[in-house]
Amino acid sequence: MGGYARFVWPSFAVALIIFAWNLWSAGNLHAAAKVRVARAVAMALKERT
Amino acid sequence: MWTWFYRLASPPYVYGVAATLTPWLLAGAVVALGYGEGVGLFFAPADYQQGDAFRIIYVHVPAGWISMFCYSTMAIAGAIALIWRIKIGHAVAAAAAPIGASFTLLALVTGSLWGRPMWGTYWVWDPRLTSELILLFLYIGVMSLRSAFEDPARGDRAAALLGLVGGVNIPIIHYSVVWWNSLHQGATVAKFGKPTMALSMLVPLLACFLGFMLFFGAVLCMRLRGEVLNRERQAKWVREAIKT
Amino acid sequence: MSERAPAGLDVDSLHIWRGDRHVLQGVSLSVNPGELLHVWGPNGTGKTTLLRVVCGLLRPEQGTVTWLGHPIDRVRAEYQSAMTFAAHETALKSDLTALENLRYTVGLKRAVSDQKLLDYLAQTGVSGCADLPAKVLSAGQRRRVAMARVLAVNARLWLLDEPYTNLDGNGAKLMANLLENHVKNAGFVVIVAHHELDVAVNIRRLELAS
Amino acid sequence: MSVNVQGRVRSSAAMGLVIRREMALSFRRPDQLLQPLVFFLIVTTLFPLGLSPLMSLLRDMAPGVLWVAALLSSLLALDHLFKSDADDGTLEQMALSGQGLWLIVVGKTFAHWLVSGVALVLVSPLVGAALGMPAHAFGTMMLSLAMGTLTLSWLGAIGAGLTVGLRRGNMLLSLIVLPLAMPLLIFGANATDRAIGGESPAGALYFLAALCVITSTLAPFAATAALRITLE
């Protein structure tokens, strides 16, 4: 009926892509948040001096 | 006794706990998935009808469960934040939404790939696939509503309310889709659900499910740290936090 | 609680953030019957935000607003029927006539007959345009209709945001003595205005620095 | 005007006032009343052009086409349910009127349904006939549309409450409300389809009535909470 190649491997490939995207976008979100915080801290410092 | 629960409401504590939890959850996910997918792919017996194409179940079914579990996490976190004004709830809801959407997409794609050998076409208006598709629309609705507001606090509250309203509607939508499907196609079409499974097939599936859950927990913790930072830019503790 | 039950409006250390801007930094004020508080300050210092918090439209992240000693969100119905808020824009439906505008908003607070509404419109000098749709009225006339609404609601606490805008000479005089009469018989007023007020009452000032 | 013991306006009188205000405002702008109806007629004329002029084919599609067009046009009308009042500040005045915000939301939504939903139901036989629907099905179709548009007005009130402050909230409103309205379409179109086929549409109509009751009881709270979030 269904061979491996046509459908099983693509499904696992898509799963891997989704897993990788989740990890990457979580890291990316955290890094962007850190940058925004650093900028806010720098701005606050500049205002106070 | 309840101190750990109350401390969950304080952003710095949650930021720290999320950091320590992530590696453990990821490790657990790797182990569980390694076993589950490995056995599911190579060692578990093929289905007598569908042959090896049946193995897609080890990705499709856990992804479907997680997409639902993630929506309820988002809806409950949003409700807690909306009702008891605990800001962390909004951060959890905002973190959970994209993960849930990605797993819904995974469930849809693998469902359609699985449909090809079973029905000969990539898309069939099957009740479970249709409900999954509508769930994806609900996720997109919540995420776009959250980002449509300039003031993030207001976007959080609006998204929390929509998540709740969507959550109440999910069972209604699901059963009306099942009712609609049973009307037009009758019961002749092979029911898409999990055929009754031998233990040797079930154990790897449960392992995969555990793996998906642990992975969801890990990514939720990672995104949560980012979302907490975004919402606590004025707080003092944030200055030390970004140093590490 | 203070020695005698607080008889008016008390605001205690309000903090509001708009995104990254710390719009209100620990603002406190109190108004008692027979007093007029003039909230003064350059643009963008949060005068309107303060008024929106005081009237209960905006919930502060920190700080409390109390009416007769109780936080306003616990006594919402009593507080809202004892106060009236005239926003910067005159809040009239341009398709409805002046009389209809009053009937449909004042009618939610107080049972007032059309005839009495016409008297209030006469008091603010716009009885002539009672039956004209608001869209044909001039900005000054619309401001006077909004003032008639404040009178018609007969509330003790007036919260007015820049009430003098678009008013001509005798419009300003009319506003001044309406405020004077209100404050004289135990009413109280919080006015946001960026210019001097010449009302013959003791005016307390609250300056919002940027 | 009836007043309760504390001298404040009784909520039933206030509800009547809100509904009369909404009706007065709607009839003051008749063009805005007609737009959803014309949209309904235009969308239904698209289908024969796109499919085929054959009445026999159209008759099979009629329930689905009619219901989808009805959903889309009442969704269009829902966008400015709170928007015009929020823009000119009258919504704030009403929110501070001492009456509960829920009363204003319920009054405005019900009045909006009276104006837009009922009009849609009255026009629907015209569209049904145009799509080859037999006359004996009109009764069920109109009943199902009445319940459907009322339920959609409640769902739309939640969506409108959430998107009132946004500049391009119209598209987002449809994106939010349509997934929630899918069960309506399923039961409504099926009830009409059965009526055409001569079978008893009772089953689908009961489901639709149940949906209408659930939404009419829960949606006002959600819509009020939504409006409170965006009004703050």
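Some notes on this structure:
Here the chain labels run A, B, C and D in written order, and each chain numbers its own residues starting at 1.
One rule holds for everything that comes next: contacts are C-beta pairs under 8 Å (C-beta built on N, C-alpha and C of every residue); 3 or more make two chains touch, one makes a residue touch a chain.
As the structure is a computational prediction, the values presented were derived from the model and not from experiment.
A comparison of the B-D and A-B interfaces places the larger number of contacting C-beta pairs at A-B. When every chain is represented by the mean of its C-alpha atoms, the one lying closest to the mean of all protein C-alpha atoms is D.
Chain B and chain D have CA centres that are 33 Å apart. Centre-to-centre separation of chain A and chain B, using mean CA positions: 16 Å. Rounded to a whole number, the gap between the C-alpha centres of chain A and chain D is 41 angstrom. Note: centroid distance chain C to chain D, computed from Cα atoms, is 36 Å. Contact with two or more other chains is made by residues 40 of chain A.
Multi-chain contact residues of chain D, defined as those touching 2 or more other chains: 232.
Contact of a single residue of chain B with at least two other chains is seen at positions 233-234. According to the touch criterion at the top of this document, the contacting chain pairs are A-B, B-C, B-D, C-D. On the side of chain D, the complex with chain C involves touching residues 1-3, 6-9, 13-14, 17-18, 20-21, 24-25, 28-29, 85, 88-90, 92-99, 231-232. Per the touch definition, chain C reaches chain B in the complex via residues 17-20, 22.
Residues of chain C that touch chain D in their complex: 55-59, 77, 80-81, 83-85, 87, 89-96, 100, 104-105, 107-112.
Touching chain B in their complex are the following residues of chain D: 158, 162-163, 165-166, 169, 172, 175-176, 178-180, 182-183, 186-187, 190, 207, 211, 214, 218, 222, 225-226, 229-230, 232. Listed in rising order, the residues of chain B touching chain A in the complex are 37, 41, 49-56, 59-60, 63, 98-99, 102-103, 105-106, 109-110, 113-114, 116-117, 215, 219, 222-223, 225-227, 229-230, 233-234, 238-239, 241-242.
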